[in-house]
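Naming follows writing order (A, B, C, D, E and F), and every chain is counted from residue 1.
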Amino acid sequence: MKVNRVWEPAFAGGGATFQKVPLVLDPDKLAGADVVIMGAPMDEFVTYRPGTRFGPRAIRLANDAGGDPRLRHIDAGIDPFDVLAIVDHGDAEIVPGDPLASHRAITEMVGQILDAGAVPIILGGDHSIAHPDIKTVAERFEFGDLAVVQFDTHADTGTENWGVERAHGTPFYYLVEENIIPGDRIIQVGLRGYWPFHEEFEWARAKGMKWHRMEEIDRRGINAVIDDVMDEISDAPNLFLSVDIDVLDPAYAPGTGTPEPGGMTTRELLPAIRRLATERGLAGMDLVEVSPPYDHAEITALAGNRIVMEALVGLALNRAEQEPRGEDPR
Amino acid sequence: MKVNRVWEPAFAGGGATFQKVPLVLDPDKLAGADVVIMGAPMDEFVTYRPGTRFGPRAIRLANDAGGDPRLRHIDAGIDPFDVLAIVDHGDAEIVPGDPLASHRAITEMVGQILDAGAVPIILGGDHSIAHPDIKTVAERFEFGDLAVVQFDTHADTGTENWGVERAHGTPFYYLVEENIIPGDRIIQVGLRGYWPFHEEFEWARAKGMKWHRMEEIDRRGINAVIDDVMDEISDAPNLFLSVDIDVLDPAYAPGTGTPEPGGMTTRELLPAIRRLATERGLAGMDLVEVSPPYDHAEITALAGNRIVMEALVGLALNRAEQEPRGEDPR
Amino acid sequence: MKVNRVWEPAFAGGGATFQKVPLVLDPDKLAGADVVIMGAPMDEFVTYRPGTRFGPRAIRLANDAGGDPRLRHIDAGIDPFDVLAIVDHGDAEIVPGDPLASHRAITEMVGQILDAGAVPIILGGDHSIAHPDIKTVAERFEFGDLAVVQFDTHADTGTENWGVERAHGTPFYYLVEENIIPGDRIIQVGLRGYWPFHEEFEWARAKGMKWHRMEEIDRRGINAVIDDVMDEISDAPNLFLSVDIDVLDPAYAPGTGTPEPGGMTTRELLPAIRRLATERGLAGMDLVEVSPPYDHAEITALAGNRIVMEALVGLALNRAEQEPRGEDPR
Amino acid sequence: MKVNRVWEPAFAGGGATFQKVPLVLDPDKLAGADVVIMGAPMDEFVTYRPGTRFGPRAIRLANDAGGDPRLRHIDAGIDPFDVLAIVDHGDAEIVPGDPLASHRAITEMVGQILDAGAVPIILGGDHSIAHPDIKTVAERFEFGDLAVVQFDTHADTGTENWGVERAHGTPFYYLVEENIIPGDRIIQVGLRGYWPFHEEFEWARAKGMKWHRMEEIDRRGINAVIDDVMDEISDAPNLFLSVDIDVLDPAYAPGTGTPEPGGMTTRELLPAIRRLATERGLAGMDLVEVSPPYDHAEITALAGNRIVMEALVGLALNRAEQEPRGEDPR
Amino acid sequence: MKVNRVWEPAFAGGGATFQKVPLVLDPDKLAGADVVIMGAPMDEFVTYRPGTRFGPRAIRLANDAGGDPRLRHIDAGIDPFDVLAIVDHGDAEIVPGDPLASHRAITEMVGQILDAGAVPIILGGDHSIAHPDIKTVAERFEFGDLAVVQFDTHADTGTENWGVERAHGTPFYYLVEENIIPGDRIIQVGLRGYWPFHEEFEWARAKGMKWHRMEEIDRRGINAVIDDVMDEISDAPNLFLSVDIDVLDPAYAPGTGTPEPGGMTTRELLPAIRRLATERGLAGMDLVEVSPPYDHAEITALAGNRIVMEALVGLALNRAEQEPRGEDPR
Amino acid sequence: MKVNRVWEPAFAGGGATFQKVPLVLDPDKLAGADVVIMGAPMDEFVTYRPGTRFGPRAIRLANDAGGDPRLRHIDAGIDPFDVLAIVDHGDAEIVPGDPLASHRAITEMVGQILDAGAVPIILGGDHSIAHPDIKTVAERFEFGDLAVVQFDTHADTGTENWGVERAHGTPFYYLVEENIIPGDRIIQVGLRGYWPFHEEFEWARAKGMKWHRMEEIDRRGINAVIDDVMDEISDAPNLFLSVDIDVLDPAYAPGTGTPEPGGMTTRELLPAIRRLATERGLAGMDLVEVSPPYDHAEITALAGNRIVMEALVGLALNRAEQEPRGEDPR
């Protein structure tokens, strides 16, 4: 599949796809794509500030670059759009007010992308979507062959939020309990604050889950922690990245529903994402919890856009079997 | 019941009740109250911009007055807190992510207020709450004895929104179809724009509903229209007011989910509310669709606060059997 | 041409066209369209606050309706998308930093639309675009056969702004002086404040231009003024509408570059637009000066969206030779 | 005194005076000026939202016009800067945290302006400044020779705010009680909502004060009300205007401390100000309660700027003994 | 005293206390509480941007957690509400416009809390409140038995601000000069920028004060600096924490009156607060200068909320004589 | 030249110069000044978000300090206004809509400052101004005697932006190609993201340019990188600093046109600026791309203000031949 992005001023043009890639709504025309972007614009399952239904649009539009074909990531020396055929599949047919129906629509659309042999990248939406999207990807593999690295403030391993089981605080509990992902294939990075409860941690330990609190990142440095993450996922042949934008500090990502001070900087997160994708490739990815009504100057949406870009750059290096080569003066 | 408001600078004090009335969470202690304020902080049933879950808090706090016992409405010459025992019952036990459960909680809390013999005023929340709250009030009367005057841009008479029946665009359809309120007991004021569909209007005509488009208000003046509304509800012994803040123009109420240009001014709406309550009293009221994430300088929340205040002033005049007497110079 | 809009929640979907009409970038595929929307995202020619380059995108996205085929304008009783084949042609190939090149691109794209036999509706951008877009439309008619009704705070009849001739304060001077539009075919509505200069008014009088200050609208009412406008354009067979969003009061349209208190309300402007299009049809239209960085809660973009919608509704009535029929209760 | 304004793009230039008039800090150089603008940037005496200390700066900068010498008010046909020598005297030496010291500084600076024979226009600041500024002006006249027309939501006739006598809710009580202005020389326009108390109205009646509630403006129209105001001040040889920006509706002036829905539009207020100044001239003026932290898109500051401009236009007509002559097409 | 927090969605419920602890307005009912939260909502003594009067309310409401009894701090392994009886005493009876009266009210309320045997935590308000609140606490101890650790950009050791002695830039000068706290018992952390003056530093040296500039934190790391702070306060039996939110960088705390770039991150500040409270307990604390009108997405208020939470967590560990035990995977 | 700043509350006073230095518009009166501040308020050459035309005003006003003569930089121990005669020359006579004319005006005004023997500090404006301002300074030296250290996300070495050669993405290409600055005299710090293209890097290498990506700063630390920069410019006798505010992370500088996550903190940038100025003095400086419409709580403008302040502090140390001496406790 040959894909051309539109090259025009970023704010111009009639479309609104991710980085001006083509919009391919027909699932039958996805064949040949390496990566397919899709949106999951829902927020009924948040427990505090809503607004993530506007996340996919904002992440797509937070792009000052237009589709200039000469651009490369200057630390990686590669243009992901040059290596990968990337298209935008639009949004899942979510249903306002019926979040479980939205989950079904997400399942369906992720399935279409997988059917086309492409890597799905899902723009959320609240983190509840991790259950349908990771489940759909995991089902294409043997049990245990898919590892999930989750960047997040909160473990999202609750059994319910005020009685609601599929809420944005529970997907990883059900992914494990329903034998979709083995506990020891889930690695969480960035935990801080007051969630999860001690009982959840007990459960997570019993299930073999691994996690790295912000306190550890602060103490040991992000590189050492990611070294460990690489070890922890070394046995799993495939990798899914689940990135909750609230893993970033509120200074870097105010536009989210449950911000927690003391988080990561983009200088920590962006290279970590890229490294994981470079070294391990990607079977799928979601980026969740960008809430535009609480954003300003689009900085959160832009961070989300760049998180996806770093994953694409990493995947491009991985597919091209190319070493990152930063642009140096000599 | 003797009720004292706290008298202090509006921004000070530890509580956050409506106009600094007492917080009475225990339903058994509501007896003796004339009016009880409650919140219904939910927004899962909106179809566009969410945020109304923060509405009740914002409406309560948008008060520059503190609880000064010397205040009177200067056009009405009365202090509603002097005439009426008004308390704040807190919020219904809504469940984030399970809006039907929230409807049940609203039903329960409105019931508690009615059991106490008080008039419930419900601060939304999206307009879907009109179904449980009006239903609960209507069931205390003979069928047909409760009229509803709805100030709204949209008729909210849809059968479903993308398949969801209890959405914020449908309550009045089900109130009629389920024989809770007869069609000819629903009067809508302020319709404009592109909703409802022609088919809905056909249904509404068949059911005997009445409505007044903004075009009519613009042409005939708000007073003439409210004269007609008074006639249209003259047979019904009891009155429920359902006020969607989006009946106001976006200039006056930007903080809402589905704004529509061409709406009412507060100079039209506030006296209309007061007149209805003055002449007919109130069996109940809801004020919905205030969405603080889209508000600025709290002007929408303040408009909501004053809409409730006007209803209280009107009800106070009605109960005191007192004529409004504006403060004039001579 | 049969055109289907996408019917989905307004905030969802991969595209970003006006009201979810199809995106038709290829000029050769415009044939059969009745109306073509295009953007002119430029702002280099503003003299105070910039940002209108983000106007076209914002006006397109300020839509809470999705593409529901059941919607009708409730005062007009018609769905313009039912009567008219409407598509979105994307944006002109504007050049950041070279506004005259952008003018050439606008000229070219308007020409494509006219070649396809469709009515162009141009979303600005600053008001300088009125020169290329009106010129391109006017050249398809005999001199004098196109009247322009301009809703605006400012007459935009300057000879230059600090030496720049094609600025946003000058298009109507050059349209007249270059014999594109006769002076007596330009009717301005909404003037107030401190522009233009007395010398410009002298020139305008000499050229036979007509105008209606806000003071007159306030005194006589908008309907009487539009009656006069209808008379003033009665001889011209064709009509172009040029709507500067700043004709609205800043309360209604804060998101613009040179706001001026004392302006029109949407209740005055929207029906006026609709009436002109209904009675006279449309040869073309531009809507300019929406500046999203200064907007809040999208109320200005939404006003812009509705101004275009009213024009479409009017044009649909005109083409269908149908009387407006508001939805009445009986 | 010959005064030249700087003519440059409004956003450019190193200064920040009102409409780019000269900055004259030295009181000895004020002689020859007709009007002197000064700021009173204080807010310690507000009872709800602060921020008016940034009011003078914002009102000065809210100017899209630069100092173009060709501008005229298009309804009045006059350029006030052409008729009047207007300079900006900077701000009074207010003392943060010691508002009574700020009052003394305001008194001093107003005195300097009066000593120079000029009309002072004071940009607030909270409304407490009306006491020192009106007192200073009144003392130059015989008792009773100065009338005050106050545009305001609130009468500001309290005896104290939580014990503070010189607060922003009390200046007019003390102006009367201290025999600075006779009660029957104070005319209030725009009262609404819940202030003042009934007891204050009783006091005001006893003192012979006059007022016009918004309800009357709504019912009779602003022109009829201003006709009455003209009568009510007809005996007083001199006029002071005290304009609280909150007389405008929050839609028009969100950036203020104690907004109250149901207020005036700029289409009502601006011509009223101009008419008063035109027919009666001006002995002084203050414009208070613009609070930039709560403003957006500068619409409140701009309204403030234009209120002052209308007063200047009116005063220019008065001094030039010229009839207003709107720019008409023929 | 057994204290139960309300467990409900954070945005719901009728109250507005800190983290949904009970509101105990009656000072006689404070007995048995370990910690009492109170507000000091004043801002008359700021020198630049006001708004801190809204600080206490915003800090209380910036809580996404509701009152879930299962929450623990995941780095400390403790729930402070489980160990400590914490109640909210509402706000001091501040007087708008009379900041010294407000100081007296703060003194009184802090005294009530101390009388009840509880630790007061005061939510400001501007930093001037440090004088009355620290003085009130210090007077309960022998002179020298109370050390103060102040996190702040500015030393606040001025003698006056434009002549005002009790301003927000002076409390620590008077605490020392009035022999309330010995100079060598005050440790300042985070100084940067342009305050205080050289003369103030000379005075501070003479008084034996200690401080740590941001430059030192940047060079040596926060842990080494806090090690030194622990040494510097080792002789004092009791500790008061005074935290000015502006010690954080404006990226982390934009909502404050006198922001200064180059400040602390929350990853530095939060653990430092917790460590001090853990190792030394708390005799009292204030958190000041949160200015909501300048905040966005509540990130500053949230940082303030978490600063208090960290202090509570530390105090809980201290009282429980428990080691912090982070939740680790194995 | 003896220069006195006005000492008053920062928000007060009639002027709006940088840190309340005198406004000296007349170029003939600049003689004797050591440093002259000027503005270049233009934004026509940006490629994404505009607004920098309001940058100079915002940078000047973002000052909480007033002009207190007692202030010193507490890490440097010096008051730049004490050592250097600093005045504000206002803004260049830019022409809205004709950015090349604005470039000529900038050239003229920088020339006036250089003629007066002073160091120009230019407040942008977009980065296109670096071409005229650096060219004007460079022409006063032998070719190669002026080094430029550029702090920036983007190299700005493009040949054109959509065909526009003098855009904000190209100044450094033309400075080199036109033999104004030798390639090996340009050192870029902070590059990240996707610009420039590989071809530009090839060109830059061929020209001998040096650069330091953020990746290097992150890896080696800012001090090591600045050590290298000091070496790289050691041969050049004179130094020009060109600081694009977007070198800061969007968390620290949201108010800019083309933000890119992963940037510098103010704790890295401010001391680096100061060190360069201290050790090498300054021949000139520009600070560009502050876009107030996208700023909040003025944090970007304040960062810009402090960047200039650090340069002034460094230059003062350099001129006074004084070592920085931080204020230490003992």
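Miscellaneous remarks
Everything that follows uses one rule, which is that a residue touches a chain if its C-beta (ideal position, glycine included) is under 8 Å from a C-beta of that chain, and two chains touch if they have at least 3 such contacts.
What you see is a predicted model, and the numbers here were worked out from it, not measured in a lab.
Minimum number of contact steps separating chain B from chain F: 2. When the C-beta pairs in contact are tallied for E-F and for A-B, the bigger tally goes to E-F. Counting the residue numbers that touch the partner chain, chain A and chain F have less than half of them in common. The chain with its Cα centroid farthest from the Cα centroid of chain E is C. Repeated interface, listed pairs C-D, C-F or D-F, reference B-E: D-F, with more than half of the contact pairs matching by residue number.
Rounded to whole angstrom units, the spacing between the C-alpha centres of chain A and chain E is 37.
Inter-chain centre distance (chain A to chain C, centres taken as mean C-alpha positions): 41 Å. Taken residue by residue, chain E touches two or more other chains at 9, 11, 47, 49, 53-54, 96, 162, 249, 251, 294, 296, whereas all remaining positions touch fewer.
The list of touching chain pairs reads A-B, A-C, A-E, A-F, B-C, B-D, B-E, C-D, C-F, D-E, D-F, E-F. By the touch rule above, chain B contacts chain A in their complex via residues 43-47, 49-51, 53-54, 95-99, 101, 161-164, 166-167, 293-294.
On the side of chain E, the complex with chain F involves touching residues 47-49, 162, 191-199, 201, 204-205, 209-211, 213-215, 218, 249-251, 254-255, 257-263, 294-296. Listed in rising order, the residues of chain F touching chain E in the complex are 9-11, 64-65, 68, 70-75, 77, 249, 251-252, 265-267, 270-271, 296-297, 299, 302-303, 306, 309, 326-327, 329-330. Against chain B, in their complex, chain E makes its touches with residues 8-9, 11-17, 23, 25, 39, 41, 53-54, 56-57, 61, 88-94, 96.
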